[in-house]
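Read through the structures below before going on.
The following pair of complexes shares a single chain, chain A, combined with chain B in the former and chain C in the latter.
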Partner chain A sequence: MSGLRAPNTAVIAAATRPTPWWRTTWFRWTLAAVVFLVLVVIPFIADPYSNQTMTRIMMWAVAILGLNVVMGYAGQVSLGQIFFVGVGAYATAITLKSHWGVDLGLLGAVIAFVLAAVIPGVLGFLVALAAARLRGIAIAMVTIALPIVGVPLAKRFSDLTGGAPGISPSSKWFRTPDWLSGLLYDDQYRYLLALVIAGIVFLLVAFLVRGKFGRAFAIVKANESVASAMGISPYRTKVLAFTIASAIGGIGGFLYVVVNTFTSPDTLSFPNSINLIIATIVGGAGTIIGPILGGVYFQLVTQIPTALQASQWTTVIQGIVILLVLFLLPGGLASLPRVIRRLTAKRPDRHVGTGTAPAPIPGNPGTTKE
Partner chain B sequence: MQLFIQLIVDGLAQGSIYAALALAIVLVNQATGLVNFAQGGMAVLSAYIGLAVVDLLAPAFGPGLVALAIVIAIVVALAFSFVFGAAVERLVMRRFERGDEDTAVVATIGVLTLITGLVGIIWSYNYQHFPWFFPIAQSFSIAGIGVSVWSLTTFLAVIVIMIVLQLLFMRTKLGLGLRAVADNPASAALSGLKVGRLLMVGWGLAATLGAVGGILIAPKLQLTPNMLDSVLVYALAAVVIGGLDSPLGAVIAAWGIAIVENLSAAYLPTIVGQDLKVAVPFAFLVIILIFRPQGLFGRKAVVRV
Partner chain C sequence: MKITVTKRRALVLAASVGVLALGLAGCTRGGGTPSGDDSGAAASPGITDTTITIGIDTPLTGTTAGPGNCTADGAIAYFGGVNDAGGVKFGDGKTRKVEFKLYDDKYDPNTASSNFQQAQSDGVFAMALGLGTPTNNAWKQAALDAGVPQVLIMTGDPKFDDVSESPNAIGLVPKYQDEGEAFGKLLAADGKQHKVAIIEQNDDYGKGYVEGFKAGIGDSKNIEIVSDLTYEPTDTSLDGQVTQSAATGADVLFNAVSVTPLAVGELQKAQAIGWKPSIFAPSNTSSPGGVLTPGGAIDASGNPVYPGIYSVSFSNVPAAPTFASSENGQKFLDAIKNPAYYPAGASPQTGVPDFPHCVWSWIGGQILDQAFQKMTSPTRDAFMEALRSISGYKADFMLEGTSVDTTKDGSPAISTVVVQKFNGKGYATVQNFG
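Showing the complex of A and B:
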């Protein structure tokens, strides 16, 4: 039960207490708005290198958010998320490079974005139709094949994908467009583009997981038999979660091209796929903030050892970190405040969720009973 | 026709490697209900241990006794993998066995990452040659059909191991205990079986089995830390196709996958070819999952609420 699922004793306990000010809706929205404003200001202060790092973090955060939908919320481990990121990246790069033979002008970027979301979404839907047939870990066992098949596939269709060296669209796509020139440097433009896209995707997912589908995900994750009994088809729910995850992964792929200005078969390699999973768990599965922390982790765990000229240690560090997190902090970094609060809380408070239930609230007696 | 039979024999040999890993996965799954994604990584580590022993002994023994050095290396590597498998179960996986299976999957991925990273640091990511008793290209001909010696020995070795394993499970007290723990750990414990120790033995046996596959394929592929990543995919495909609860099904599926893969690479060079043959088992897998989700040989699981 520990692990990817949030402990619901804490939820029950919280429901019986008056909501503290830091948990109220208005505070959270204000906080989100302030954070967003700070993020808008940062590129005008920071140097280009930091801006690029931040853009990369946003790109990984989006890819991880997609994985989080299927893994954290719907409880299905996908080892193939990077495949959809790669397909999105190729859809973007190929569209920007070839225009599919038609002069699309600036519209090309919009079409690239739409294709980057739709093609991986459709592919994810098809894969899920097969993979979601089985219970539990079958999705992991099938999706592990995606990156392993994807790399030779990308190399094979070299007319389209540019083969092993990869494909890089004209550099004009990565410069500040004319109507903004003079206002923004290239790195600031790319940063803000990524911020807007990532912001919208995060907002949509935040709404999604709080709504009807989010509740369906949670029930399927907790118990598929119960879900069936409640009239929720676990199969359809899993296919839906997987499709959404793939489409979001594709958007991550779009951002991958935005920040890297190219893509190659290495993008969708198996180690990258594993790193996405590790980052999802380290950040905190089943939360909205988790993928952001996961994105920071993903970027820094490769960037810092490389800067220290110890990049060969990255894989070992990844392995140690994920095992430590699973043992010590199963909720990931996102659960850190809760864990700290629990550890620093006074003794009686610690048992609120488990033993001594507070007096029932009048008119709502059900909440304190199991 | 000649080519066809050669492809079948080579397919059976390759399939035997997949089968070794697939059997290891089935073994772990039967004992603990988990799928060990680190099974390939653990086998690679054992192969590197074997290589280290050969490198240590071969110069001391001189050129005449290289074969003896390889034999000792294989014994050491297999013994190591048994201990290592048991240690992974006790130190890492024990904690996740009775919990959420998704968490356990991530834990095995963590083990895989850690092993791959360590192997990469100790032995580097470069290709390393694994010495063998005879040249890998060596072949002999029966009725005009060339058969690779490596293919034949690999195939026979895996058959022998399967028979030994079957005898172990069906004819020994240890095997009975392992089956009891797999079937129902709680009543096994109540009958006085040491469940924890048996689980360690199960993981150790699985790791040894995987290591056999790793060592058999090492001389053919050259050693790299990621050597078995794609073999793991084949093994998982075999397990899904054959059914997670059917060792025989997994082995037959592994052979079938390898044969179909080899045939399609040879006879459909423009569509499939060498570089895309890895996609063939995956395509099969998708089709089988749609029409027979429990696998070809598996029993349909009935879950009580």
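Showing the complex of A and C:
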């Protein structure tokens, strides 16, 4: 900005203004608690189909959250997230179907969950050891290979994976267990199971990105040379981000089986990976709320047109949403409140309302910090 | 800051316990306690004294949209005519109109599973006719748990025909094994010496075909399989497999290939290297317009350049010249274009359908009609029982030598196919090889 221009009054006002009430920690935690409570109560009021839809949204939100860690926070484009979701889904489905030849008893679901996180995590770690040596688009090119290799692999090892028709474990695992029968319907049980898992994963990531590693992610995202100069290894940071993202993707895969009691090679098809990236951007990369909004987008953008018998418009609607978000809300839907506040705060200063997208205000917190 | 953190934690804990208790206490839905299913003599969802609602989950958009739309359109058109004439007289004496709800799964299993939940919420009586193996598998378990029929679906997966595994399900069209077996039998019955080269898609499709083919040959001495080459459905060319097969001197090519561009490329390559075997083409890659002509298998004067191109079928195809001139064919072509028959949002066929699935779906509609006429009470159980009791029924457009039989455990509604040979214009049924 030129020094000749009068200083922007809004910037000065923002700098001198005390923290507004909606920014206080107290308010945010109360809001989180209220949202959580509402989420707990909803399944008891809503109809089964709404519960099932919300469970799907939570499943995608977790998968997108994983991608958000590596892409939104650490700034590395990964086109392979769906691969880890798929591996997590297969780890779950195979464990519950074949038990790996051992009687796992009631622990089956727990073991499946652990494997669904650990196997993709280890795979993600191994891939990242190689991929994280690269930067920018080169990483994207390495990760693109994962879903492309994954689909034929899943078809080839058909004894294990069930081949092209897919694999479905017994639905008993994710129906209301005996000790809760009479209290919960199946859809309520699945909803609450997904809510607990998604809630814990979101909480862990929220703490992670606010701490030491979150700052390391942000610096590596901003400038790898600066990160090195500060004693932060970009390589290690990227490997860490990838590993966490893969493990969370695997947990998303576990939820996929909770929701569908099924998985198939189509789960890890490449277009789904692109859709996850789009959902990350639409929701708001580098925020905690973003993946939730991304999950809502991911599920509803196909579900609502189908429900309205207008599925032929799905891709058109998808395109419109993406363009609108990119033009009006480059920070994703999560930045909507901020943009609204900015617009309402600025309006009195403007002589003529313009249709142009608002330029970022200097000193405004970047998208990496929620 | 520290203080607010503690306060907040206490608040959250107290509030969540309170509301959770409240929520659990208020856990009543429809007054009953949660349980799997409430079976009884009462009517199942989706059926009234005047209507019955059938859901179809199938790909209506995306790469499989062509056949996917057809799987819905045939039955919609069939029942459009039936409804116009008053409806179906059910076995319980009531006359009902048949209504359809369409769900587009885009060939994506997660969408299919979500659609099934929506269909349940919409209260459909049964799901029928949908196309696709992974997409039908995605909600197979859920449909079984909910007791919703998943019938006359178009898949080659034998799981759906197994009564003990899927009492609520049955397939419509012959399995890949049935098709392969019919050709194997024809070849074995020929008596002459034949060398067969197999090109096999490395998945359940290719394996099913080859398994059926080998079963059809049995231990006939006159057939020698000289090569069995596989490829991945994602491969872009089969030139290598064709060249290798040609080198064996095989006079018959058993072509378990479902990918149209690959099948076209094979025909071109074989001619380019001067290999002219008799070819067995599966039902979905044998279309004269879609595969044989682009593959150069028909010369300028309209004759096949290969000594024989065989396929299998159980129905007439709308593209055949004789189809439109038949009375039923005309009825079919009129009905399938009639927008009044389609539910809101559906797009009717605009001309002669390109895919056989439209005819198969019409046949599926007739089978449903038979089941409706036989079901003595308005329940899903009665429907399944009625549907599983049809045998020797010959629907419109079915070829001589084929019929509907739903009573055989492990078989889809139609499991008989006849082998046909390409004569330059279309396929005609043959009894002998050569």
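Going forward, the second predicted complex is superposed on the first by the 318 of 370 C-alpha atoms of A that agree within 3 Å, B and C clash if a C-alpha of one lies under 4 Å from a C-alpha of the other, contacts with A are read in each partner's own complex, and residues count from 1 in each chain.
By definition in this document, a residue touches a chain if its C-beta (ideal position, glycine included) is under 8 Å from a C-beta of that chain, and two chains touch if they have at least 3 such contacts.
Note that the structure is predicted; figures quoted are calculated from it, not measured.
J.: Which partner does A:77 contact after superposing on A: first (chain B), second (chain C), both, neither?
T.: first
J.: In the superposed arrangement, which partner chain does A:274 touch: chain B (first), chain C (second), both, or neither?
T.: It touches chain B, and chain C stays clear.
J.: When the two structures are overlaid on chain A, which partner does A:322 contact: first (chain B), second (chain C), both, or neither?
T.: After superposition on chain A, A:322 lies in contact with chain B alone.
J.: One more residue to check, A:152. First (chain B), second (chain C), both or neither?
T.: both
J.: Let me test your reading of the model: by the given contact rule, A:125 touches which partner, first (chain B), second (chain C), both or neither?
T.: neither
J.: Examine A:312 and indicate which partner it touches, taking first as chain B and second as chain C; both and neither are also allowed.
T.: In the superposition, A:312 touches chain B and chain C alike.
J.: Which partner chains sit in contact with A:229 here, chain B, chain C, both or neither? Use first/second/both/neither.
T.: first
J.: Figure out whether A:168 sits in contact with chain B (first) or chain C (second), or with both, or with neither.
T.: The answer is second: A:168 touches chain C but not chain B.
J.: Going by the contact definition given at the top, which residues of chain A touch chain B in one complex and chain C in the other?
T.: The answer is residues 152, 155-156, 312, 314-315 of chain A.
J.: Where on chain B does chain A make contact in their complex?
T.: By the definition above, chain B touches chain A via 34-35, 37, 92, 95-96, 99-103, 105-107, 109-118, 120-121, 226, 229-230, 232-233, 236-237, 239-240, 273, 275-276, 278-279, 281-282, 285-287, 289-290, 293-294, 301, 303, 305.
J.: Within their complex, state which residues of chain A touch chain C.
T.: The touching residues are 25-26, 29-30, 33-34, 36-37, 40-41, 44-45, 47-49, 52-53, 56, 151-152, 155-156, 158, 163-166, 168, 170-171, 175-176, 181-186, 188, 256, 259-267, 299, 302-303, 306-312, 314-315.
J.: In the complex formed with chain A, which residues of chain C make contact?
T.: On the chain C side, the touching residues are 1, 4-5, 7-8, 11-12, 15-16, 19-20, 22-24, 26-27, 29, 33-35, 60-61, 102-104, 106-111, 113-115, 117-118, 120-121, 133-134, 137-142, 144-145, 157, 159, 202-205, 232-234, 343-347.
J.: Please name which positions on chain A make contact with chain B in the complex.
T.: Chain A reaches chain B through residues 1-5, 71, 75-77, 79, 127, 129-131, 133-138, 140-142, 144-145, 148-149, 152-153, 155-156, 225-226, 229, 270-271, 274, 277-278, 281, 312-320, 322-323, 326-327, 330.
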